[in-house]
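In the two complexes below, chain A is the common chain; its partner is chain B in one and chain C in the other.
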Partner chain A sequence: MAQSSPQIGLPDSRPSTRRKWRPTVIAPWLFLAPAMIVFFVYVIYPVFDSIWLSFFDWDGLGDKTWIGLDNYRELFDSDTFWKAFSNNLLWLVLFMLAPPCGLAIALFLNQQVAGIRAVKALFFFPFVISQVVVGLVFSWFYDPNFGLLNEAIVFFGGDPIAILADEKLVTYGIIAAGLWPQIAYCMILYLTGLNNLNGEQIEAAQLDNAKGWKMLWYIVIPQLSPATFIAIVVTVIGALRSFDLVATMTAGGPWGSSTVLAYMMYEEAIFNYRMGYGAAVAVVLFLIMDIYIAYFLWRMVKSEK
Partner chain B sequence: MFPRPIEKASKGVNISYRIALVASIVLWLLPLLAVMATSVRSLGDINEGNYWGWPSEWMLIENYTQVFTSTPMAQYLMNSLIITLPAVAGAVALSTLAGYALAKYQFKANIWIFATFIAGNFVPFQILMIPVRDLTISFGLYDTHWAIIFFHIAFQSGFCTLFMRNFIVGLPTELIESARVEGVSEFKIFFHIVLPLVRPATAALAVLVFTFIWNDFFWALVLVQSDEVRPVTAGLSALQGQWLASWQLISAGAVVAALPPVILFFTMQRHFIAGLTLGATKG
Partner chain C sequence: MKKIAKLGQIALLSTAMSTMATAGTLVINSDTSDPAPKAAFAEIIAQFEKENPDITVKYNLYDHEAYKTTIRNWLVTSPPDVVHWYAGNRMKAFVDRGLFEDVSDLWAENNMQDTFATAAPAMTIDGKQWGVPFTYYQWGVYYRKDLFEKHGIGEPTTWDEFLAACATLKENSIAPVSIGTKYLWTAAGWFDYLNLRTNGLEFHMDLMDGKVPYTDDRVRATFANWAELVEPGYFLENHASYSWQEAQPFLYNGEAAMYLIGNFITPNFPEELEGKMGFFQFPQINPEVGMFEDAPMDTLHIPSKAKNKEDARRYLAFMAREDNQTKINGALLQIPPHKDAQAADNYFLDKGVAMLGSADGTAQFYDRDTDPAMAKEGMKGFQEFMVYPDRIDAILERLEKVRQRTFK
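Up next, the complex of A and B:
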């Protein structure tokens, strides 16, 4: 990010102005106030309120009962929680395929033939449509009776598999659906990165006879590192946010085998009226996400200073 | 440029590259094409298991008309518009103000406020869910359009402020300073100097945030429940449960629900990508 260069609390030519009331001191706060207020009410305060709630037993209507760490104790003893947690890890690990796949497609498409703009747009398409539609589209694709995937499997002599009804395969099936838009997103980040490569460095490397993989690995990928950083950040966030697809494709089933923390939390709070317990699940998810938030902020603050 | 421009390669390579492009795009969009193919079939075809053969009759107009006449799809689409437009306007307006303050004024808390906006933007929705639902109920807004609108304005102002701040930082400061020396008030500087300069960025941001909000599913589940206010994502998900056997209708509904952001994307492609990739080129 570019350095904010100029001094704004500028040297004032009118010495009579008292510092406290200078408009350049007041104005930024007035500009910030509306956004800060709504952001505080709807984002900052709820985070702390949820953490607080996770120490209570509460059905959402009646009185709250303080139970200390009991929600967490129950959570760590619960099979559903560990299933959701390990599914979240699986999402995280497999989602890391999105940046390299996106890069591969970007390299494939980074040409200037006729109609390439339309092709790039069509590749990006899955990111633009709602995840609910993506979920629907893939439910179809996987359907054991008429889904295109099974038609293909049968065509090649295999037996049809009901991916979304199979406890072992279901999470992989949903993750594949999630990767579809995520790869599209990474691809667009890399296409922009490739557009802004330093031509001189590439030419110099070409003179030194670097090409193909060597060129890619030593010259191009290092130059793409800002795009890689953003791609990894959005991919991690995307993996941990995996709610929409689980909700539309399986509702966590069969028998809770495809649930993730985000969905488990929703289920406990909305269907089982266990607000405190749900909040505890959310806090765990939040703590996992915090690792990445902290890393991102650390990098950002460092680059600003 | 990397990889090497394909024009410089032999004719054979050029032709096979173009064939590979078409083949890969068909493969990439295959799941979607399947849905589109289903949406023009008749119920008869579906009952007979004719999913992939040539449709016995084309039901394009009938199916899409039926989506609007026998399901509340039109209402859902309208709700999505009623929610999305003010939410986009609100988030962009608030964040332009905030982004300007963070970009062009220096004060101690600046970077920490900026960091808070960014961090809040990454937070998982679930940790906000119960308190936001309670707040919405206590404001008397539960199951109204405003419930979702207010939440989106607040939440998106995190991302939008990050976006606007990074754009405004790059604007020249000389204009602002010379206006200040002339004695122009801070508000006039914002409205008459800064605002015209950020217009292209607000367009990019608006297109992007429109898609985010239109496609939101979680808050549509949590903050509203009746068909009168439900946006199209939650509506489609409800229809999926009710119209289980009528695949041709669900698929037509899915296509309709996806259409507005898709149209926006194709008409405003440059803005959209500029918005999405801000920060992907500079560290």
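Up next, the complex of A and C:
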């Protein structure tokens, strides 16, 4: 690698070797190769293998039996799947609170006050710690026996509620836990965005007497649109791949009422020894993600034109 | 996804580890990663190496959950020479696929049909033996003697006495039964016992093997008995929030009085409750049905693709010896399956040995006796029933659907 790099960008490359050995042609591919190989082995190949596997009945051990679309038929006929699917939608919708909340906190923190760095670090903290830890902390917070939430409810005269054991509340409880680090993530995106605001535009707006909400809506937010774009993408992906919190806080319970597609896939494939069925769940999840990915790619291509 | 990738890594790593082993090296994979069993096995293996200087043992430890998933990977690829596993359907799954070695010869040479008479049925499939059991333990009701005395309750032996005891405790604002169903299997303990006491072992095993529909009236009878506990609220409130460990403090601080669980709970009893904890056999429900018990058994097997089967047999024979069974179970505080081996002198073990000795038959446990996919959905149903007993019809129909799919 070291020998080839000084030659990159040499203005007078000889035309005779242009087609074959010019390092500027090979070098980028060499540099890309490790990433591409890893991407192929760990992403592209498993995607197609999963799709292939989803047409089989396979316990992960014995012979695979081709059953065509039976896994999908069973899937769309299963209450668990629709429960997981609707929980995924709930995650998607409620997770959309993360970008606006992150923006609000970022605006609040974007000021020059002594000690603001420490405060920023505190707000960023939940994003740094592991999801498993977030899950544990929140399950203690919700604990009906000693949890802080219930201490507070009882203090104000309410009856304690076991959020994680209640089939109606459990998903909201987990989403709230998930929002905590997600908001911190969006906040960081917006904080960097706010650093790059065009000062001239703001001055011009000030001269035109723009203030408060108008300033925010017409001047600041449009300039933050790249940050908003990224924030929404990571939030959608974050909502769809929600797994860690479900696994640590409830394991999909009580009786499967907090399960999501990612967790259902894991449970079927790993615990129930149904690799084919698990793969079918994965394919459905993949297709849902594709809708978003395709939309955002399309938008990106359009904006670059 | 991350988790799955990690499991894959573990699998690869373990494959690498087991292929490196050469003749004279015995590779053992085990999930005995809790402190007491870990120390016990370290000692027993040192003893084995001392008696067999030509063998070097390589002992790989896994945590329980990872073990259950990775074992399938290396059994089909490049297995170790000995694996730890469980009797019942868990063992049958591998035997059916030809992944475990037939060790009937070992049983014959060492007269194990006689010395392991009680464990033999659990280890036998198609008239052959497929492994060596090294420990088992009893299930039953662990309770607070002092609370029972205070409220004038005796050890219940019949269902009516049990219900009366629950009613008295409930009147005195004590949760009669502590349980944590977050990880589901604790609820299966209740199902096992209620079904064994209501319908007997033969019916129970037919149900486990998928031969009887879950919508059968006899299954409904079991749930009707269960409802007599659920409807009056005899189980700990919010039990779906707790793991089995998290449900223990209620018993220890006197907010709950009984706990149906395996003997592995006894090392956790706090010192200040010394002498205040008692044990009784799950009460009789139907006098015409024998007293059957859950007694899960942990076992050793030789994978059929193992490289060093000769030394593996020596190790299994070594583990089947009376003195080693005594030693390992003394450390585990569990019961040796060998009939001449001695369980440690312990109040709860004495009760367990006596109870299992006179049992009319034993089952392994719901999630060891039935198919894994069935077990998972079944246990979810039990948990839901323990909160919403009125949903019984919907639950049983769902379980029946799973049964038909799983055992087709």
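Definition applied: the second predicted complex is superposed on the first by the 282 of 305 C-alpha atoms of A that agree within 3 Å, B and C clash if a C-alpha of one lies under 4 Å from a C-alpha of the other, contacts with A are read in each partner's own complex, and residues count from 1 in each chain.
The rule is simple: a contact is a pair of C-beta atoms (placed from the backbone, for glycine too) under 8 Å apart; a residue touches a chain by one contact, two chains touch by 3 or more.
In this text the structure is predicted, and so the values were computed from the model without any measurement.
Asks: Considering only touches as defined above, state whether A:D79 meets chain B (first), chain C (second), both or neither.
Replies: second
Asks: Quick check on the superposed pair: does A:L61 touch chain B, chain C, both, or neither? Answer first, second, both or neither.
Replies: Touch status of A:L61: second partner only.
Asks: Of chain B and chain C, which one touches more residues of chain A?
Replies: Between chain B and chain C, the winner on chain A residue contacts is B.
Asks: If you stack the two complexes on chain A, which partner ends up touching A:R241: first (chain B), second (chain C), both, or neither?
Replies: Both: A:R241 reaches chain B and chain C.
Asks: With both complexes overlaid on chain A, does A:A280 touch chain B (first), chain C (second), both or neither?
Replies: neither
Asks: Tell me which partner A:T250 touches in the superposition: chain B (first), chain C (second), both or neither.
Replies: A:T250 sits against chain C, while chain B stays out of touch.
Asks: Just chain B (first), just chain C (second), both, or neither: which does A:A98 touch?
Replies: It touches nothing on chain B or chain C.
Asks: If we overlay the two complexes on their shared chain A, which of chain B and chain C does A:I188 touch? Say first, second, both or neither.
Replies: Once the two structures are laid over each other on A, A:I188 reaches chain B alone.
Asks: Where does A:Y266 make contact in the superposed view: on chain B (first), on chain C (second), on both, or on neither?
Replies: both
Asks: Quick one: is A:A165 in contact with chain B, with chain C, with both, or with neither? Answer first, second, both or neither.
Replies: Touch status of A:A165: second partner only.
Asks: Could you give the residue numbers on chain A that contact chain B in one complex and chain C in the other?
Replies: The overlap between the chain B and chain C interfaces on chain A comprises residues 42, 60, 145, 241, 243-244, 247, 262, 266, 269-270.
Asks: Touching residues of chain B toward chain A in the complex: what are they?
Replies: My answer: residues 1-3, 5-7, 14, 17-18, 20-21, 24-25, 28-32, 34-35, 38, 49, 51-52, 94-95, 97-98, 100-107, 110-111, 113, 115-120, 122-132, 135, 150-151, 153-155, 157-158, 161, 166, 169-170, 173, 177, 180-181, 185-187, 190, 211, 214-215, 217-218, 221-222, 232-234, 236-237, 240, 247, 250-251, 254, 257-258, 261-262, 265-266, 269, 273, 276-277, 279-283.
Asks: What residues on chain A touch chain C, complex-wise?
Replies: It comes out as residues 42, 60-62, 74, 79, 142-145, 162, 164-165, 241, 243-244, 247, 250-251, 253-256, 262, 266-274.
Asks: Given the complex with chain A, which residues does chain C contribute to the contact?
Replies: The contact residues of chain C facing chain A are 1-5, 7, 69, 72, 75-76, 97, 99, 181-184, 237-241, 372-373, 376, 380-381, 383-384, 387, 398, 405.
Asks: Enumerate the contact residues on chain A facing chain B in the complex.
Replies: It is residues 1-2, 4-10, 13, 23-29, 31-32, 34-36, 38-39, 41-47, 49-51, 53, 60, 107-113, 116-117, 119, 121-126, 128-133, 136-138, 140-141, 145-148, 151, 180, 185, 188-189, 192-197, 199, 202, 215-216, 219-220, 225-227, 229-231, 237, 240-241, 243-244, 247-248, 261-262, 265-266, 269-270, 275, 278-279, 281-283, 285-286, 289, 292-293, 296-297, 300-301, 303-305 of chain A that touch chain B.
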